[in-house]
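One chain, chain A, links the two complexes that follow: it is found with chain B in the first and with chain C in the second.
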Partner chain A sequence: MRAERMRHDTHAGGAIGSLTPPSLTLQQGLWLLAAAGVTLAPHASYLPWWIIAACASLLGWRAWLLWQRRLPPHRVLLLLLTLACGVAVRQEYGHFFGKDPGVALLALLLCLKLLEIRRSRDVRAAVLLCFFLQMAVFFEDQSPLIALAALSGTWLAVVTLLALADANAAHRAQMRTGALLLAQGLPFMLMLFLLFPRVQGPLWGLPADATSARSGLSDTMSPGSISDLSVSPDIAFRVEFSGSPPEPSARYWRGPVFTRFDGRTWRAERPIEASTPFYTPSGRRFDYRITLEPHDQRWLLALDFPGAGAGAVRGDGAGAGPIRFTNFAQALLPRPLQSRSRFELSAWPGTATGLQETAATLTAALALPDGFNPRSRELARQLAAGAGSDAVILDRVVSYLSESRLTYTLKPPLLGRDAVDEFLFETRRGFCEHFASAFTVLLRGAGVPARVVAGYQGGEVNPIDGNLVVRQSDAHAWAEVWLGGRGWVRVDPTALAAPQRIEAGLAAALPEGEALPLMMRQDLGWLRNLRHRWEALANAWDQRVLGYNPERQREFLASLGFGKVDWPQLVALMSGVGLILIGGLMAWASWQRRLQDPLERSWLVFCKRLARAGHPRAPWEGPQDYGRRLALALPRQADELLRITASYARLRYGAGANRADIRALNRQIRNFELQ
Partner chain B sequence: MPDRHADRLLEAASRVILGKEHELRLALACLIARGHLLVEDVPGVGKTTLAHVFARLLGLQFQRVQFTSDLLPADIVGVSIFDRETGSFRFHPGPLFAQLILADEINRATPKTQSALLEAMEERQITADGRTLALPSPFFVIATQNPANQIGTFPLPESQLDRFLMRIHLGYPARAAERALLMGEDRRRLLERQQPVISIDELRALQRAGQDVIVADALIDYVQALLAATRTDVSLAAGLSPRAGLALIAAARAWALIDGRDHVLPEDVQAVFPHVAGHRLHLAGDGRNVSPAALLRLLQSVALH
Partner chain C sequence: MPSATQPLASTLRRASRAMVDRWLFRLDRPEPSPIVLHQRRIYVLPTNAGLGLAVALLAMLIASINYSLSLGFGLTFLIAGIGIASIIHAFRNLFGLSVSAGRCEPAFCGESARFVFHVTNSRRWRRPALRLRLHGGETAFDLAAADVTNVELASPATHRGWLAAGRMTLETTWPLGLIRAWSVFIPDLACIVYPQPERAPPPLPLGAAEGGNGRRLANTGDEDFHGLRPYRDSDSPRHVAWKALARGAPLLTKQYAGHRGEDVVLDWHTLPATLGDEQRLSRLTAWLLAAERAGHRYALKLPSARIDAGQGEHQLHRCLRALALYRASDTPPAGTKRDAR
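Moving on, here comes the complex of A and B:
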């Protein structure tokens, strides 16, 4: 067995020569493979499958070669493989520029480099590639898990370098040293994080990020559009109230307002914008801080109703800018939201809106397309007959809907041309958009101005950090009715069929046996708990680490007593703190050195003194040789120099040194003065 | 004073072999460390004389074996011959049964004969006709070797090179030394006049004293760092073995003793290192021996703390 393997070695060695062992030891190779594996693993989430497969098989090949103690494959084969990888990446992406093809190519090159390793320089190159790829993973994802993976990769890469420097050291010692090195880098990392001049916006604001698809509400609504969204457990936004949050039934987060109806689809009209609200906020005020996930739309999803009072609006992140208010009581961003942003807002849920509504708005809120939903319009006429006021009509519509016992479901049947008719009279099963749409059509048919509002309703308080988390599954549609003297009044028709939806959320409101996404299940308590913990951690990470922007930096520096700081001052501050840190580390190192034996210490003092005088000891030079060289260079003090070096040599390498001898040498060295 | 013996020996030897004090000192260190010596050089630079000198000055039984390609193991170990008078086989010891053996041009012999010699060097005994016979003590082999690229040679395999404690090169003498050599008396006659400087017992005492030279922990650290450096150097095919480490310390001890010290300094290790490690290290590429310059670089790459 052994002989056979050796024979194969000779064969595989080719031009390299016979029976030369591979230059990489098993231990070094394993560390390097681990570093490469951990570095590449997080990239697997977005790279094309064939690149992941290619990397995995190349790593596997390398591991097998290492295990079998075989030599790396021939250079020509590697060259061909590299060319093939390049062509394949070009085929996949169509070009070499940009981060995705770049990262894909680097990942493949790292795996190929591992196969090419013949000497320590190759290992260093591979480790450098690892470091770069660990950074590149943040182009794609900046979650705490990714940061943890990158940190582990960095640690493994450092340990690989340590294993390379000393192939015979113990694993544990090298792992400790690697961790210690990273720990020593920690203060510098913190210093750079806190003080390095921040730029507004995401650091990796590359074009591809801006156009990537994101989930969320859209500016049209047709049957099924919100129920599709409702199966997604993705977080839409997080809210941190400065006091207690409002009741669940008052948590309506306003998105698009739909006024135009074509018989099947509701569309948002272009609103009128202004810098102040179209209403006067009144009633109880709630202050909160909202962190929006990017949704590529302008709406702020503010809690009804946002106001421009003291400290009412302040945003940071890429969407920052003056907030606009619309005649539909919305708050809008100056431009579509492309990155996670945070805003400080206030809400006055008790505000009356639209008290002086324009005729154009009211007319638009009555329009219905001709020839659609005839049965509903007939029903509306019957309900309106003989009613004295709009309020009475509203009451009749509400009682009609609550008495007709419609079913609230996440999986409503498909609807045809006259969607409202089919929902009300045939299928009788629907989700919130069906309810809101049918309700609004009935009111309009009865001559009462009404519109559909979409947004989010409810949200779940994370018991770990107390933040309110609103998910895509909380997406909702409700209606608003305009009544003279009261303005726009919110009516939630879904509550008529399923009041639990408003009080306790979607999961509680759905009929028994309806399948829910795993994460929304109420019965898996431990899973929910785990998710709460994870989301609290991710939120803290988003707020404290990723959300550390120029403004936060200013706040932080102000809290340290640096009022207004510009770039040069920041750089100076950084240099100062850096020097302090370096000084601290050096002090620590010298304290460590103090723990060495006293003989060594006084010898170092002696060598240092002579080095300053221009006669440094070469690192490999023994004490006797050094003494002789010094005696030649400084003939006047030759005797003394030879005496000191000889007694050091004797104490260090002779039959054990006693304290008196060391003290005597110390004295000699102290008394020695260069002439 | 044992070290005075060493001084006297070296002084007498350098009267015969001119201008080669360092090499003579290395050869003596090899002898004190109970190792065997390999002298590698072109013919005519005094390899044979070196062996002769030590044999004369130490009063050792001397045998010279000229290695040729038709030399058989029995020619050096000895042979059993049937004795008519006693009616039985009698063992006639070969030239290996001497205290100092000059194995001249060892790389001219076939591997079979080479290995017979090298086995005897390692075991310090030989087995012939089922009987094990101890070789004399002290037993010191000085083998000479012409550079391997000459025609008709069998280079010694790596594992056998390891049996030699040191390998030295004599090289051409310096100009002044060569002049003195050319003008002076015939070396052979000079050699014949040499009387033993120390007795065999005194030599044994020297060898014992060499084993008592102190090796401090700090020195072991240094030797280990050197060994590790040879093992991590990717230009080398393989690093030094633990046996090579032991050889390095033994040689450094003898070197320190000749220098008149009771403890080994890093300088001693550095002095013997090129000669102890030189024939044990091979380049990764073509398997050639490491050059003296590369050995010096290796020494200088290991810091002394």
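Moving on, here comes the complex of A and C:
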């Protein structure tokens, strides 16, 4: 410390920024606007357009006021605006309760709050609103990009608070301090994220709109319901096989099984559930781990045919619980799936199912509504005439369909009342649900039990991480026929018109010239490669970060050597690690770099020694003044004291101080003895 | 609250504060300067804004659990971690600062006494948003790296005699306003408070003094021009011989001869018997000021002291000090060794 160079300035009592500023400074305002902007931006993807427009114009207004250094608008005007926003939100959603109107109101409130800011309390309230809104984005999206946006939003909010506490610091210093705080907060976040005792939500019933409409299969099927799904590139689930995956033609992931037909729409019947499968698994076994995106349904979309191998069925997440098997060879969850969950399953694709099928099931698999599709039923009767067995009828139906030159297309024409008739005899263009539906109706008409199965077929292996990715565009419908002695036999009528669909996927099977979604186009290889990389990253993110739940926490703790951990132990562990982290920060706070300057160091030694003797150097005292004072106080050593202080002043401030001089002074100071 | 319980409540509050001061902060008597804020004497507690954030974080945590939002946990814990880090930053903002008592000019009763403190930052980082508080008044200031600053604080002077600076606080809510770090101490600084001058005092008791009538003396008076002498730094510009300067002469000062002020004896005992002690002191104060202003030589007689006739700043302060400390403790309160003059 060089007291001689210190600035002296006096702060008069009272007013200097002691309390809150009358309004925002430009710096504070800009940081707050930036924080609000970054927080609101991710919401733009799903909020109604008028809310986004309102927020953007309110923020723009605020920026303009800040720029022009004008005062915030009058309270009455703001109150009216707030009321208008409330009414508009009520109009949009019909109510105020629930997540969506809540988020919309929060977003508008944040923008209005920015216009209302008069005191530092208002800034703090706005920052809290920013935090809530960052949280609200996670209801919709928890991708790595959103996490990055939230991280930068948090940083901006912290910098805003810094600018509020200390309006005199430079932009750069604020940014650096903000980043330092963020960096110091990260270890605590990591520790709490890993160790905070996780409980499986929900703590109470979720509001009805907790899960917004999700894409995926539904429990009914009518013409067009699956082709609508096929344009969606969203991921339905990911699969990690412990060995090599089965070949594409065996990758049938079973969802709803439709047995009831009303002439147009297929519906699923309530299945019989049991804790073990209704069949005996046999043949080759495939073990895999499936990570399902939430689809609000109970079906597990297991690979045909799931079985309860020893410990083979294990799940976590919100749908965890004992898995149920149905008489339709499905695997079901105890509850509809509300959050991304992972299951360990096994499949035996070669299993024969339904060898001893009940009469009721078979009867239901023959029912057709009267008065619908008369031409198809007539055709079925002709095909069945004179056939010796159900297998012969099946062959005849299959060869009829393969010879009738039906076209596989993503954009089938709209169909009227007798949908199957129109498809088979007039339009001849359809998607998988048309094929499966027509095939099943023909077989039932010919007296052979048949049903429609919906699910996913195929999937694409990501070369980056080797996982099989199954998308909504892989949604598919196929048929099952019951033959005596063989049980339910899978027949995929789509393969009759477009065999490529099963082997190589949708894009390969569609006729040339049909518009494909961007990502499915074969020529954009680099784009697909990029997407593979991104999805591998997203998968790792989903598994490690988003998938960290009570189950995964137990695994993690076990890997650290804590076998069975209860709450008190976890809290003790957390406090221990927390204290270590705080200790590290304290060490950082009190750490002072050792003075590098040897001259400075010996001067401090000298001052300290005299301070102990009752003659401390006053902070404003230069070495010469100090020396004169010391000489008066200690007259017997006046000469030596004056020599030391004078040579320090010369070496410190004079030109051309060399090392030998400094060493000489050091020696002098070391040898100096107070008498 | 009924007004009858108010004294009780405030007494209780004062008593509890004194207890906290003694047991928790170990405040007892004034400390010699410099007071260095080391680890043990810096305290941290959340501010209202900090408590508000804690409540908000709890809500966010519950929402994260209920909706199984992994990133919600992450955000909540990150903000909590930043809050914890800000505790350390607030602590670090005070850690190692040293406060030394500066000076305090005498004040008149009814005015504000202005205490000056030197706050020294010997570390190589800046200390923003510091606040020094004393009796409800506060001064905000920043300290650059390795810097010292003088901080002035006003405290109302309500009684004549010694006014100790008393219990004061150095605090900061930097960096985020969520945490308040503070340190309390009693600096070794006291200020002398002169009695309040009487508003409209009777005229000075001129002519009551022994050696009574004015003498004619050179050098000081105002009336008649007497001659010129070389200019000295302390001379009033009004007396500079500007015309001589304009003619090319060196800087000269005009000298006058005139009535030097009379000698005045301000005697406690000659004041009307109806006046109380404080009223007497007030009147004497007002007279002292008037006598000094008028250029008289004045002496002061108190039951306890006698100050011989004199004039000038030094004489005035000596007399005022005698009045201030009349029948009051002559030494600064509670071990304060500092002398105002």
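Here, the second predicted complex is superposed on the first by the 400 of 675 C-alpha atoms of A that agree within 3 Å, B and C clash if a C-alpha of one lies under 4 Å from a C-alpha of the other, contacts with A are read in each partner's own complex, and residues count from 1 in each chain.
In this section, a residue touches a chain if its C-beta (ideal position, glycine included) is under 8 Å from a C-beta of that chain, and two chains touch if they have at least 3 such contacts.
These numbers were taken from a predicted model, which means no experiment stands behind them.
With both structures placed on the common chain, the touch criterion links A:Phe131 to chain C but leaves chain B unconnected. Of the two partner chains placed by superposition, chain B and chain C are both touched by A:Asp166.
When both complexes are overlaid on chain A, the residue A:Leu83 reaches neither chain B nor chain C. Legend: residue contacts after superposition of the two complexes on their common chain; A:Arg119 is shown touching chain B, with no touch to chain C.
In the superposition on chain A, contact is made by A:Ala649 with chain B only, not with chain C. With both structures placed on the common chain, the touch criterion links A:Ala572 to neither chain B nor chain C.
When the shared chain is aligned, no partner comes close enough to touch A:Ala664: not chain B, not chain C. Once the two complexes are overlaid on the shared chain, A:Pro623 sits against chain B while remaining clear of chain C.
Judged by the number of chain A residues each one touches, C leads among chain B and chain C. In the superposed model, A:Pro187 lies in contact with chain C only, and not with chain B.
The intersection of chain A residues touching chain B with those touching chain C, taken from the two complexes, comprises 16-18, 120, 165-166, 168, 618-620.
Per the touch definition, chain A reaches chain B in the complex via residues 16-18, 20-21, 23, 118-120, 165-168, 600, 618-625, 649-650, 652-656.
Residues of chain C that touch chain A in their complex: 34, 39, 49, 52-53, 56, 60, 62-86, 88-89, 91-92, 95-96, 100, 114, 116, 118, 120, 122-124, 126, 128-129, 131, 137-142, 144, 146-154, 173-178.
Partner chain A is touched in their complex by these residues of chain B: 214, 216, 218-219, 228, 231-232, 234, 237-238, 262-267, 270, 284-287, 299-305. Across the complex, chain C is touched by residues 1-3, 6-14, 16-18, 120-121, 124, 128, 131-132, 134-135, 138-139, 142, 146-147, 150-151, 154, 158, 161-162, 164-166, 168-169, 173, 177, 181-182, 184-189, 192-193, 196, 198-204, 206, 210, 317-318, 338-339, 545-549, 578, 581-582, 585-586, 588-590, 592-593, 616, 618-620 of chain A.
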